[in-house]
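Got some structures for you, see below.
After this come two complexes, each holding subunit A, first together with subunit B and then together with subunit C.
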Partner chain A sequence: MQGSVSLAAPGKAAAAAFAIASQLCGAAFLYLILKVDGGWQVVGLLALLGFGFYLLERLPWIGDYALASFARASLLAMVTAAVVVVAFPFVVGSNTYMLHLLIVAQLYAVLALALNFQLGSANIPNFATGASYGIGAYVSALLAINFGISFWLTLPVAALAATLFGFIIGIPSMRTRDTYLALVTIAFGVVVQQLLNNFSWTGGPNGLVGIPAPSLFGHSFADPLVIFGWKLPSQANFYYLSAALVVVAIVTAHRLHGSRIGLAWNALRADEIAAKAQGINVAWFKVLAFAVDAFLAAFAGTIYAFYVSYISPDNFTFLVSVTIMTMVIVGGMDNIFGVIVGAFLLTILPEKLRAFADYRLLFFGVVIIGFLMIRPQGFFPQRMRRYGGDL
Partner chain B sequence: MTELLVQQLVNWITLGCIYALLAIGFSLIFGVLNVIHFSHGDVATTAPFISLALAQALATAVGASGPAWLILAVPAAVFAVGLIGVLLDKLVIRRFRDAPAMMALVATVALGIVIRELIRHLYPQGSNPHAFPRLVSGMAFEVSGVAISWFALLVVVLTVALVVMLFVFLRLTPLGLRIRAASEDRIVARMMGIRDARVFRATFFIASVIGATAGLLFASYAGVTRFDFGVMAGLLGFSAAVIGGLGSMPGAILGGLIIAGIEVLAQTFVPDGASYRLVFVFLLVIAVLIFRPAGLLGRTVMEKV
Partner chain C sequence: MSALLKVENLTMRFGGLVALNDVSLSIDKGAVLAVIGPNGAGKSTLFNVVTGVYRPTSGRVTFDGVDITSRPSYEVVDRGIARTFQSSRLFSDLSVLDNVIIGMHTRTKTGVLDALFRPGASRREMAACVEKAETLLKLGSGGLFEQRYRPAGTLAQADRRRLEIARALASQPKLLLLDEPSVGMDDTETDALVADIARLRAENPELSVILIEHDMRVVEAFPQHVTCIDYGSKIAEGDFAAVRADPRVQEAYLGKAVAHA
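Showing the complex of A and B:
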């Protein structure tokens, strides 16, 4: 209580400046990495990113300072974030490829946040997130194609169907654990994918085509979006829609993390037997984690189906689930911000590595392995829970 | 009817042996290192490619092509794959020994991608399927009207021989004793003066050699090999090892036979079963793990408080 301004406790103005500047820098970096095309420019940007994390690792007070600034100027930071997210399509303009990448990255961010409840909070492996994603996409697409039900109605129905699936996978989780549980979820994922691939009413390997575009207040999402005379490509509709979903996912994650449920999950992760001894209903909270994961994943699946208007079983394979899992681990388990960064990076990176043409998957695999070796705790490792009071 | 039954029985035994060999590798590595080596299936798939490339190189070096070169190339390829396994352990897998289980799993899945892509790029026209001949051809004898091929016989004999050798090695040799000690408790084993680096090297070599044999037999059974066969081989071998009980050798063999059994059953008796075979296999996996959460022959670990 000396009242002096230390580095870890920024003043109000400094905090505000830092919050705005860091978000603008982040947005600029995202813009650059979406914009560049040449292989070496991508590598350069990656090196820059690597240097940033090196600094974070060597000088831990930077992280503390950033956290303190955002906590101090939280309202301003949120307003800045909202402005950046809303303004981004205007900056991107008519570059539909960039918008497409952003939409897919946002949907993956939702999926990674969904998995984070399980893997991050409760340390329950789940390789069936891809399947829940697929169930969401297929249920809503089938409803829309066969019965002409509107997008907004299929959204909750698909989520309910996937949640039911989540409960079903959750049941074996009461008995099995670790690697055995991982295999159970892999098995569920493969079964769902294979069934989608073989049933005739799901279109088999050809999938479903011609999913109608949703509309809102008479504005079809297939039409260009016109705001104050600015004409944005039709992808902008889905950009804002998926951004809204990301916000919902973040708020859900944040609220759950702060609630009794989040605490119970963390207790499960720390020690299952101790949690049981404290009166936590272990089985229920495990199943609940599966259900919440499936619920959010189905939302992402529904938006994906209506966005690309064509889905096939190949979009929901075992490797998709592994990718989502990698996003959570690379981003930082149980850290909402880290998971989102992981999702964006791992969505955009393989696309940008197209400069390496045929070698991009190879490069991608090497990057992931290298990353897991160098920074096993993820970009932004989880922090201690704080309950207000002293900073 | 009997003909069909005998024919399917032969198919089951052949496929079951191949899966069992794959599962042994998963189980052995997990038992010693506590790491799921998910790229084991991809390591196994490199074997047919290496033998094809070696046979090609030998044929061009001598100037005469013939099936004999492949027979020469196969043992060399198996040995080479054993070394590849050791190299992968040294470069990647050992760093995840003490990491959380899921991190090792994700890392080895990424490693599988790297191996597949390397096969695709290093082997000429690696994206295409390549024909792989039967290692031995011809029919050995007849059982109630069904001719049993030499190949099926070779698979069974080779599997039994490898399993017996592995058993003898683990039970009766000093290195085998050290491997068992390290899988029991690595820290205590170290205190007893066992160099775990050596144990890991030996484990990876043996597991990869057995996996390579499985990969070669599978390519020979299917008559074709492709760079991405390793994904399914890995999933099925891993499933076999898990439902048998990870770390248990008899369990791995049992698991391989069960998985092959349900696959053959589905293909024979269910209409359109061939396309649904994976559904049946993985439903069985789920069912087994619900009723036996530690696998069929796995040790149920009592949690100490």
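Showing the complex of A and C:
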């Protein structure tokens, strides 16, 4: 691998061109797959994506070249990414369905990044991320409806409440491991959903209705967004808000991954006894992973609640947790970019496969299995940390 | 001189099996103690009790004047005892360099909030770790430094043993516990290992080492203090010559008939 890295080292101009072109291609692909309707068009795009992954699997130097390019032109790559994210709603225009899908995909990306701390970094199979998501949504919605507290204040309160929940499930979970740990978290997830369903103050199965739209500097998020004379539908507000949250999640993930905390999680994933022998307080670091997961998931839950303005226990079922887990596994464990790609694909795909009517879920399963056959480690598997010069 | 590590009347029972029976030993600062004995004698159990993996049935472990009996492993490491494992337990999907950096866990401080809100400090700490780790990898025998970005799981057997020692040293221990470091090494590699340990001691005169060994070439190189354990009990201690001459040791290793012959 070392040989191919030096072989593929791109020049400054080549790196910049690659970073811009690849991101524009990615954005164009995203636009197309959101836009197309017919079954054959979707199949065509998926085949294209599959072929891309096939090339990546057969010719690993492409991946090395891409990484080296992005490392070389990192500032330019970030600027391009920012421009693409900001400009996307302008390209989409008044198509609110596309914007809706993008918002949900971004929220799922945050949830998947949250779970990635556990499943990807520390190999803790937590099936309660959906519950943390729900707790975030309910806490903020209840505060807003009953006490008229602003969205921006409910955000940290909900996150702290969910973090507390993370600690609460984390501590008893430490007595178990592997499959049994998964069972404990499944139980917690189901319990939370049942409680939400049965309490009267959570609205029971009817849920909470009429969550007020947030506002910022006098601009209500329920109103269309007008920028330089361009009028974007009201969903654009939440699109930018969730995009900002994705950025927060990426920065969080990146900083933790690069610190001794990420290393400690990786260590206990590889060998718990050896991790203890290096002085790692394994139980504490596992609980910490639960807390960080719940914290980020609650942010996503809060935005979701204010976006749809109506939440019910059905939004936070066990199935949601399983979906998030699939996103992490399919996207690539412990790889920030891979997890985001997994979240987008798994959010958009089921919607696009509606063209297949009754065979939708069957086709969905076939596509996922197909991709995993091409890329058994996930779309973008974990990479070795590199220090100093090149990355 | 007061002992750095003192093990007093240690007994470890697993159900009906007595793995350690009333074992006492001690090691001074800067000394090397070799623990020998047949397979299954309880040598690794001794390490596991000292490092807090097992809770002893009875007895006391004192390190540097502090009672560390049954303290959790991470606290024991923090106090300055590092160890290697008989069957190397590396973090096989992480790079060689990352393995050593993880060894510095107790000597680094960044918490979650630091990592999130003071990224500069976190990055500087990491950079310092990388530098220290690279120095450690360059010091030992074998080409670990050149292989620093390889996954630890792909290393050759001798390199795995060396990496385990480097990882243990990364925590700047006062006491190093080596569990059969020469397993899987050929004669040349074993000689290099002995030279490595000797160099370590020359560089850190304060460092104490307890070696579990089967290879008498290694034990012979550090002959001052040798303890022999058999069936969980200490049967001999002294210098290498005395322990080797002890009839009970010969019996333990070679069987009764030969000892009498």
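Here is the rule we go by: the second predicted complex is superposed on the first by the 375 of 391 C-alpha atoms of A that agree within 3 Å, B and C clash if a C-alpha of one lies under 4 Å from a C-alpha of the other, contacts with A are read in each partner's own complex, and residues count from 1 in each chain.
Criterion: contacts are C-beta pairs under 8 Å (C-beta built on N, C-alpha and C of every residue); 3 or more make two chains touch, one makes a residue touch a chain.
Keep in mind it's a predicted model, so treat the numbers as computed, not measured.
On the shared subunit subunit A, the superposed partners subunit B and subunit C are arranged side by side without overlap.
Using the contact criterion defined above for the overlaid structures, shared-chain residue A:W152 touches neither subunit B nor subunit C, since it reaches no partner.
When both complexes are overlaid on chain A, the residue A:I186 reaches subunit B alone and has no touch with subunit C.
Within the superposed three-chain model, A:R255 lies in touch with subunit C and out of touch with subunit B [touch as defined at top]. In the superposition on chain A, contact of A:I273 is made with both subunit B and subunit C. Once the two complexes are overlaid on the shared chain, A:Y97 sits clear of subunit B and of subunit C alike. Of the two partners, subunit B and subunit C, it is B that touches more residues of subunit A. Residue contacts after overlaying the shared chain place A:W61 against neither subunit B nor subunit C. In the overlay built on the shared chain, the residue A:D358 is in contact with subunit B alone; subunit C does not reach it. In the superposed model, A:F318 lies in contact with subunit B only, and not with subunit C. In the superposed model, the vertex angle subunit B-subunit A-subunit C (Cα centres) comes to 80 degrees (nearest 10). In the superposed model, A:W230 makes contact with neither subunit B nor subunit C.
Closest contact between subunit B and subunit C, by C-alpha atoms in the overlaid model: 7 Å.
Shared interface residues of subunit A (contacting subunit B in one complex, subunit C in the other): 273. Contact residues of subunit A toward subunit C in the complex are 1-2, 252, 255-256, 258-261, 263-264, 266-267, 270-271, 273-282, 288, 292, 382, 384-388. For subunit A in complex with subunit B, the touching residues are 119, 123, 125, 171-172, 175-180, 182-184, 186-188, 190-191, 194-195, 197-198, 273, 318-319, 322, 325-326, 329, 358-359, 361-362, 364-366, 368-369, 372-373, 376.
Chain contact summary for the complex, subunit B toward subunit A: residues 30, 36, 92, 95-96, 99-103, 105-107, 109-111, 113-114, 117-118, 121, 231, 235, 238-239, 242, 246, 272, 275-276, 278-279, 282-283, 285-286, 289-290, 293-295, 303, 305.
Per the touch definition, subunit C reaches subunit A in the complex via residues 51, 53, 72-74, 77-78, 82-83, 85, 89-95, 97-98, 101-106, 108, 110-112, 114-116, 119, 122-123, 125-127, 129-130, 149, 151, 167, 171.
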